[in-house]
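Labels for the chains are A, B, C and D, by order of writing; each one numbers its residues from 1.
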């Protein structure tokens, strides 16, 4: 009942919002949160096309599902590692501001 | 004859009558389903909330008897109107909102807590024909709704502007997430047996109740669900001596009442889910022909499981926080993982054999794993004890001065 | 406008609005709470797409695990950045402009294509059908068995690395 | 399938609505006499100092981390379990390898004492 393009527009808007947050927020945790938004937008896109394909084929298309699963697994791993790094940096440097974390700068 | 037919399945009868009525009014078929669902959900939700009144009375009475007290006995025969009086009192009590609360989390927390429990009722099959939703991912949904419960706890802790409630909320949520892991693994083993994640199908397929296939799984699930509900002996989050009264210290009036209701209802709800998954839900002799019997069977099974929980609550002392975490991460989770691996492997090998033989093999596996698991734990405990005893420096209770310490969480 | 479309528009508006709150709120804890609303909205979108499994996974993994872990991490790094401080970079105007251009290009491209305006009709899959297909494909040696095992390795890396990085080193200051 | 989710959606709205209405009614019925002492935060009977929203120990994060990884792992074993009846023994072995890989990480975490409450 719903056109495919609606899902894609929603995903595009979510992705743009997430990108804005990821680039402009100072707090590193907030940057991670914004990246989560972007990954969610990607998943909406993938599953919308999965529905479209399954509808065309008449049986369950699995490629889309597997891709969405990989995105979720990657998101979980990213959160786990990202937050651990933020916590470790925080313990040493007492900051979570992404632009202040510049020890590795040459 | 008509009366008998109606009595054997009253809910479907009423449903048909409503559909007839709506058709006469000329309502479109989609809206008919919508209205039916709305009515069903409203009745089920309100019914579950009101049912809590009886639960509170029964639980207080049973706990009272277990602890050699009388329990409520003043209002009405056997004190049966006590919860109603309590409800009236709590309804007209003042809502004290402390200074400096974070308003949205503070006011949202009790609502989310109750909603997370009520939502579980939407996937429970009550009889062959009557059920909320035969969602095809019901088991995942049950686990996910548990996550909403954690959210309610965290919101309450954060919103109250109180260090103790914050501390309690974090302890409670750490406890809840930890116990979700063995629970999920056991559900995985169940899905291997049933081949379906829909609760309706799982109940329907249990010609032999799954507790006979997986007694160890049932044990793990039961312990984990007690812990996830935060009831004794795992009621660390409400340890009066350490954390004042848990994450809901700052709540009063009906807002506190909602946490109370959620707590009591959650115990019963997890008993319903346990009996649906392991004890065959509405199944029983004659339940398929006379659906109303299904309700009765489900109720009996649920009350037995629920009573077991109350009994445990009334008799066991509380665990320490480190013991509690060790139980889930160092005992239940490895055990559940081992169970799942063995079940997944063996079930494939004996796929085509007789069902009773399967039951027997599974039983042997379960018992063996249980014995081995306990033996390993016993061995490690003994070694640890020996280490403590053999060191010359005994562990002494050394109270440190709380005022000189910096404020870090516990 | 069918009822389904109205539901979609409502959910989409809530999702987008809460996503805007997520990136614009000063209080990082509140941003995390709005993130949960966004995730819920996305879960409903998945349900509308009839990807039941992923709707449930969204609730279970994102709301039940990722959001909770994020909140734990926020609690661990709090009171370093006070909420009154500017939460976004100085150059946020340029970023906003770029993102807006990006979004406009996206959306104009999407709405100009014909294929993409197909109406999605409800699929006829009943019960466990699509999940069984998914499971079979995931473990099929000719299909996605290798990515499946690699995903396990990725999770292993995340687990070991995360715990290694986050844990207090022995001898370090005990907080 | 959409019907099932619609029921869940309706149930969710009702489940949020019922306690909200009850609390709202109670707010109207109950007296409102706030005083300064009554509204103070309930902590030891003393004025509290320092903001409430303090830091907590890293242990919580470690539990959260292990839980997150396990949750994701288990969730993607569910399709395997559902399709179990149609799979060959080889696929079952694959799934077991999937778990065993993660079990290595679990043992590492155990050895590092990350699972012990300190």
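The criterion applied here is as follows: a residue touches a chain if its C-beta (ideal position, glycine included) is under 8 Å from a C-beta of that chain, and two chains touch if they have at least 3 such contacts.
Since we're looking at a predicted model, the values are computed, not measured.
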Consider the two chain pairs B-C and C-D; indicate the one with the greater count of contacting C-beta pairs.
-> C-D
With centres defined as CA means, the chain nearest the overall centre is D
Can you give the whole-Å distance between the Cα centres of subunit C and subunit D?
-> 16
Subunit A to subunit B: how many Å between their CA centres?
-> 33
Subunit B to subunit C, mean C-alpha position gap in Å, rounds to 28
Report, in whole Å, the distance between the mean C-alpha point of subunit A and the mean C-alpha point of subunit C.
-> 6
Junction residues of subunit C, two or more chains touched = 4, 29, 48, 50, 52-53, 55, 57, 60-61, 64-66, 68-69, 72-73, 75-77, 122-123, 125, 128, 131, 133-134, 136, 138, 151, 155, 158-159, 162-163, 166, 168, 175
For subunit A, what residues touch not just one other chain but two or more?
-> 69, 72-73, 76-77, 79-80, 83-84, 87
Can you tell me which residues of subunit D touch two or more of the remaining chains?
-> 1, 4-5, 53-58, 60-61, 64-69, 71-72, 75-76, 78, 81-82, 84, 87, 95, 99, 106
Which of the chains are touching one another, listed as pairs?
-> A-C, A-D, B-C, B-D, C-D
Footprint of subunit C on subunit D - complex, ascending = 1-2, 4-5, 9, 51, 53-58, 60-62, 64-69, 71-73, 75-76, 78-84, 86-87, 90-91, 94-95, 97-99, 101-102, 104-106, 108-109, 112, 114
Where on subunit B does subunit D make contact in their complex?
-> 33-34, 37-38, 40-42, 44-46, 49, 90-100, 107, 110-112, 114-115, 118-119, 121-123, 132-136, 139-141, 158, 160-164, 166-167, 170, 174, 177-178, 180-181, 184-185, 188-189, 191-192, 195-197, 244, 249-250, 253-255, 257-258, 321-322, 325-326, 329-330, 333-334, 337, 340-341, 344-345, 347-349, 351, 407-410
Subunit A-touching residues of subunit C, taken from the complex the two chains share | 2, 4-5, 8, 12, 15-16, 19-20, 22-23, 28, 31-32, 35, 38-39, 42, 45-46, 48-51, 53-54, 57, 61-62, 65-66, 69-70, 73-74, 76-77, 80-81, 86-89, 91-92, 95-96, 99-100, 102-103, 106-107, 110-111, 113, 116-123, 125, 129-130, 133-134, 136-138, 143-144, 147, 151, 154-155, 157-159, 161-163, 165-166, 168, 172, 175
Residues of subunit D that touch subunit A when the two form their complex = 58, 61, 65, 68-69, 71-72, 76
Residue ranges of subunit B in contact with subunit C within the complex | 30, 104-105, 135-137, 140-141, 143-148, 150-151, 154-155, 158, 170, 173, 177, 180, 195-198, 201, 408
